[in-house]
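Mind looking over this structure? Questions follow.
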Amino acid sequence: MNKTLVAAAAILVGIGGSAQAMTDLDVVAWKGNVAQPAGLPELIKRFEEQNPDIKVDLSYVSRKDVDKVVPPRLQSGNPPDVTMVDASLVALWGGAGFLSDLGEDHDWYKKMLPSVKKVMTLDGKVLAYPLEIVGMGNFVNMDLLKKAGIDKAPVTIDELKTACTALADKGISPMIFSGGFSAMLYVGANGINPKGPSPAEFGNGDLKFADDPNYNAALDSVRDLVAAKCFDPKLQAALDPWATAPQAFRSGTVAMLPHGAWNISDFAKVDGLNFEFAPMPSSFSKDGLALDLVGPGWAIPKDAAHAEAARKWIEFFAKPENLNVFLSVENAYSPYSGDATPPPKFSGPYTAARKAGDSILWPFSNEEFPKQLQSEWENSLTGFLLNLDKPNKDTLDRWDESVEDNL
Amino acid sequence: MRHRKTLYLFIIPALLVIGVFFVYPIILTFNMSFTRFQGIGKATQVGLKNYDRIFSRDRYLEAAWVTVFYTVIVVTAMNLSGLFFAAILHRLPMIRNFSRAALYTPSMISFVVVAYVWQFLYSPLNGGINVALTKLGLGAFTQNWLGDPNIAIFSVAFTQVWMFTGFTCAIYLAGFAGIPEEIGEAGRLEGASSWQRFRYLELPLLGPAITVAVMLTTIGTLKTFELPYILTKGGPDGATRMLSIEIINNLFGQYKFGFASALSILMLILVLFVAFIQNRVLRDRENTQ
Amino acid sequence: MSAADTSTVKKTGRKFDANLLRRRVKLSLAHGFVLTLVVIMLLPLVYMVMMSFKTSTEIAQNPLGLPKSLYWGNYMEALSSMGYVRSVLNSLFVTLSVIVVVVFAGAMAAYPLARIKSRASQLIVMIMALGLATPNFVTITPIYVIFRELGLLDTYLGIVLAFAALKLPLAVFFYTGFIAAIPIELEEAARLDNCNNWQIFWHVIRPLLAPVTATLSLFVMIMVWNDFIYPLLLLTDKNKLTVMISVYKFVGNTGIDPTKLFPAAVLGSIPLLLLFAVFQRKIMSGATAGAVK
């Protein structure tokens, strides 16, 4: 009698349990859409196979719109179970106490690169599982370079100037240099001395951009590029870096494009586009300077309804065989030491520079420079390109003022 | 008079919706404008600091000026082009319906898509407009449409005018349709030219249409941010930075919700002020004519 | 009739003929001129459609040329990842529901506002004006919080209310202007027959509102079709999303690829344009009439 009761109860519980056990994991990310799949469709399939009781519901929200769509959900206690975050969101949402502590006792935490650790933790709490380090550098169309008699991607300023002049003489447009992005990368690579003071000291106002010889030299060096016929500054100053600029490189009409590695998979699909992703030519190094960007990570909001399943999601990504799928589609580097990650495709010169230690973390990606400074860089560099004759101080003062404003 | 009182009941549903969706958020925004708030977490009271900052910097007055300048050129051009098409189409019934619908089409496409299409049309790197000009032998007129600070605001404005000419045209056509046939007929019999009929007979009767078209386009343009945001991001170097763009950047780029709220309140006041003045002037004009 | 008379008739007749000819030529020139202008206005859209068929290389190297071949690959890729039919149906359903709400709430509120000139009604008109002047981004967070409280998140009802609210102030303005122009004698006759307010509104006023309703329907259609912040914010169920969200998937964080965005954009806009083409006579014949009366 008792036995049958127990059995019946067990069956009931079993049925109830299995009916309840189907968990919908609500994930918000700014990758995984058609424009940038990041291997997520494949990984979700794999995750669901390994966790038959969890169904992943991925909502794509672009990075810009995450700022509008997610905070209301966090504040009203109805957040997604997992959300993508970057350094600024870790600081903002984590600082306001809306992200849960993932804990330090994971293997992945122990392997995390120290520079990334600094970004993903706050007040001793581990708030995000970082997914990638993305390179920013110089895309080079090797076929066009060959036409100008050069067969190696330029990595020093001199090589760059030589290449520009040779290309221009052949009637090939050498380089995209939009003030809104490409110019920032170049100025960053020549202004931020890897062996000098930390960018954070400029970002918090201790040091002044205007007094720094490197930033001054970086702006002068832009003038040198113009003299070497790299680009027409007035024409390119306000070029849209996100739509028309990559389109120009994609179509093979321009030889070089300083931009981010997220374009690699897209460019790779273009028939007949033979390109390499190289580090930014820099006066600080003979291999060029790799500008590493701390990419996004996964975070679990404090009030997540399915925190258990969310942790499984993160554990799943922590397995190298899974993370590598993501990294290989993203053409990114692992933020963990010791993992055997195949190097990104088309990125030989960039990877070489990283190996040689010629890399910096992009200070806009780890909060060393305040967010406000980024738009000031974009605007002021556009203004600088429109009028190269004005003294460097005009431009650099604006950066210092922006930092001051932010304090 | 009992029915008058109960008549007010009819307003309740709309009032509820407006209250919840507009009045309440505006009150929240107003309160927020006296705080330092990142959009999430705790807000700290800072009194009038946000407003003080706005009025102590040239930057925001400049943005307000750009907003007003942009609105003036857009509203003027949009209404003139709409009126122009309407006046002609009113006289050409055969193609009126087709043309009105065709002109209306651009405003039915999403701002995001329109902005990107024009991004490619304006592009200095083999963009559609410059290539077309060169092919037509007008190479001298090619421009860096969005990249030249002196031209960019007009290029953005042109896109907006292009998008909404059909909208104003439809309003003016409706206005024309309301003019009694006999008036045009009488003018024709007296030998008035097309232009004279338009200027002295029709235009004075279009008062209400002008009021509606000008007010709707003004309010819409003052608030707009989509096109400049994608086309220029407020650039080059601030040349097209309007109040709305400044607000969006503060809200979602820098998480300065308190400051952005103060800007929003000022913008709301600007919009209401302009709308109020316009309404006064335009209605007076209607009544005197 | 004398000879002289007939000659003048003949003369004017000939003169008339010449006039007629002149007028005909002028008229066809005018037609040609306007049609040319209209076609020029449509060129940017043609440009978009052409880009949607081109490959990247063609876009950059031959921006004005016709696509070398109709490259449907762009479209196939877009279609396969859009959930097209479902999202189009959602957009339609939401559009219709929003129209119903906007029209009823708007017309009802407008009726007293058009008929009673008092301080209270002026105050209410001011409040409505506030709604018209408010930038949308100000209202996002409060709306979410309220919806959460009311359990309206991820429901059709919620998204319909949110959209309806955006167009309600405009509706009230249009209907108020329109109703004010309806002769009050119509109502007074009905009131003598002992009709109450609701009966008068329903049987006398409502049937006259078609032109404004057409205008508003058009505005609602355009808004629901193209907005993507509200669906992103308020809906999580994939089966409820509107068509613009499917297009939105093609806008990346770091820019766009024209060969991907424009096919999706064309696909997303086609149902709206078809709808417009089918109903355009109805919509446009009264379009914005309400505003102007």
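A, B and C label the chains in the order they appear, each numbered from 1.
By definition in this document, contacts are C-beta pairs under 8 Å (C-beta built on N, C-alpha and C of every residue); 3 or more make two chains touch, one makes a residue touch a chain.
All values reported here derive from a predicted model rather than from experimental measurement.
Using mean Cα coordinates as chain centres, the one most removed from chain C is A.
The largest tally of C-beta contacts between two chains is found for B-C. With centres taken as mean CA coordinates, the chain nearest to the overall protein centre is B.
One inter-chain figure worth recording: chain A and chain C are separated by 40 Å, centre to centre, where each centre is the mean of the chain's CA atoms.
Mean C-alpha position of chain B lies 16 Å from that of chain C. Taking each chain's centre as the mean of its C-alpha atoms, chain A lies 36 Å from chain B. Residue positions of chain A touching 2 or more other chains: 64, 68, 71, 75, 240, 243, 245, 247-248, 253.
For chain C, residues touching at least two other chains, in rising order: 59-61, 137, 141, 248, 251, 256, 258. Looking at chain B, one finds that residues 39, 116, 120, 125-127, 251 touch two or more other chains.
Taken in their complex, chain A has these residues touching chain C: 26, 30-31, 33-36, 57, 59-65, 68-69, 71-73, 75-78, 240-243, 245-248, 250-253, 260, 262-263, 266, 270, 272. Chain C makes touch with chain A in their complex at residues 56-57, 59-61, 77-78, 81, 137, 140-141, 144-145, 148, 153, 229, 232-233, 236, 238, 248-258, 260. Put simply, chain C touches chain B in their complex at residues 27, 30-31, 34-35, 37-38, 41-42, 44-45, 47-48, 51, 59-61, 63-64, 104-106, 108-109, 111-113, 115-116, 120, 124, 127-139, 141-143, 146, 161-162, 164-166, 168-169, 172, 177, 191, 196-197, 201, 221-222, 225-226, 228, 244, 247-248, 251, 256, 258, 261-262, 265, 268-269, 272-273, 276-277, 280-281, 284, 286-289, 291-293. Looking at the complex, you find that chain B touches chain A at residues 38-42, 116, 119-120, 123-127, 144, 146-149, 152, 231-238, 249, 251-255.
For chain A in complex with chain B, the touching residues are 64, 67-68, 71, 74-75, 88, 92-93, 95-98, 173, 179-180, 234-240, 243-245, 247-248, 253-254, 371-372, 375, 378-380, 382-383, 386.
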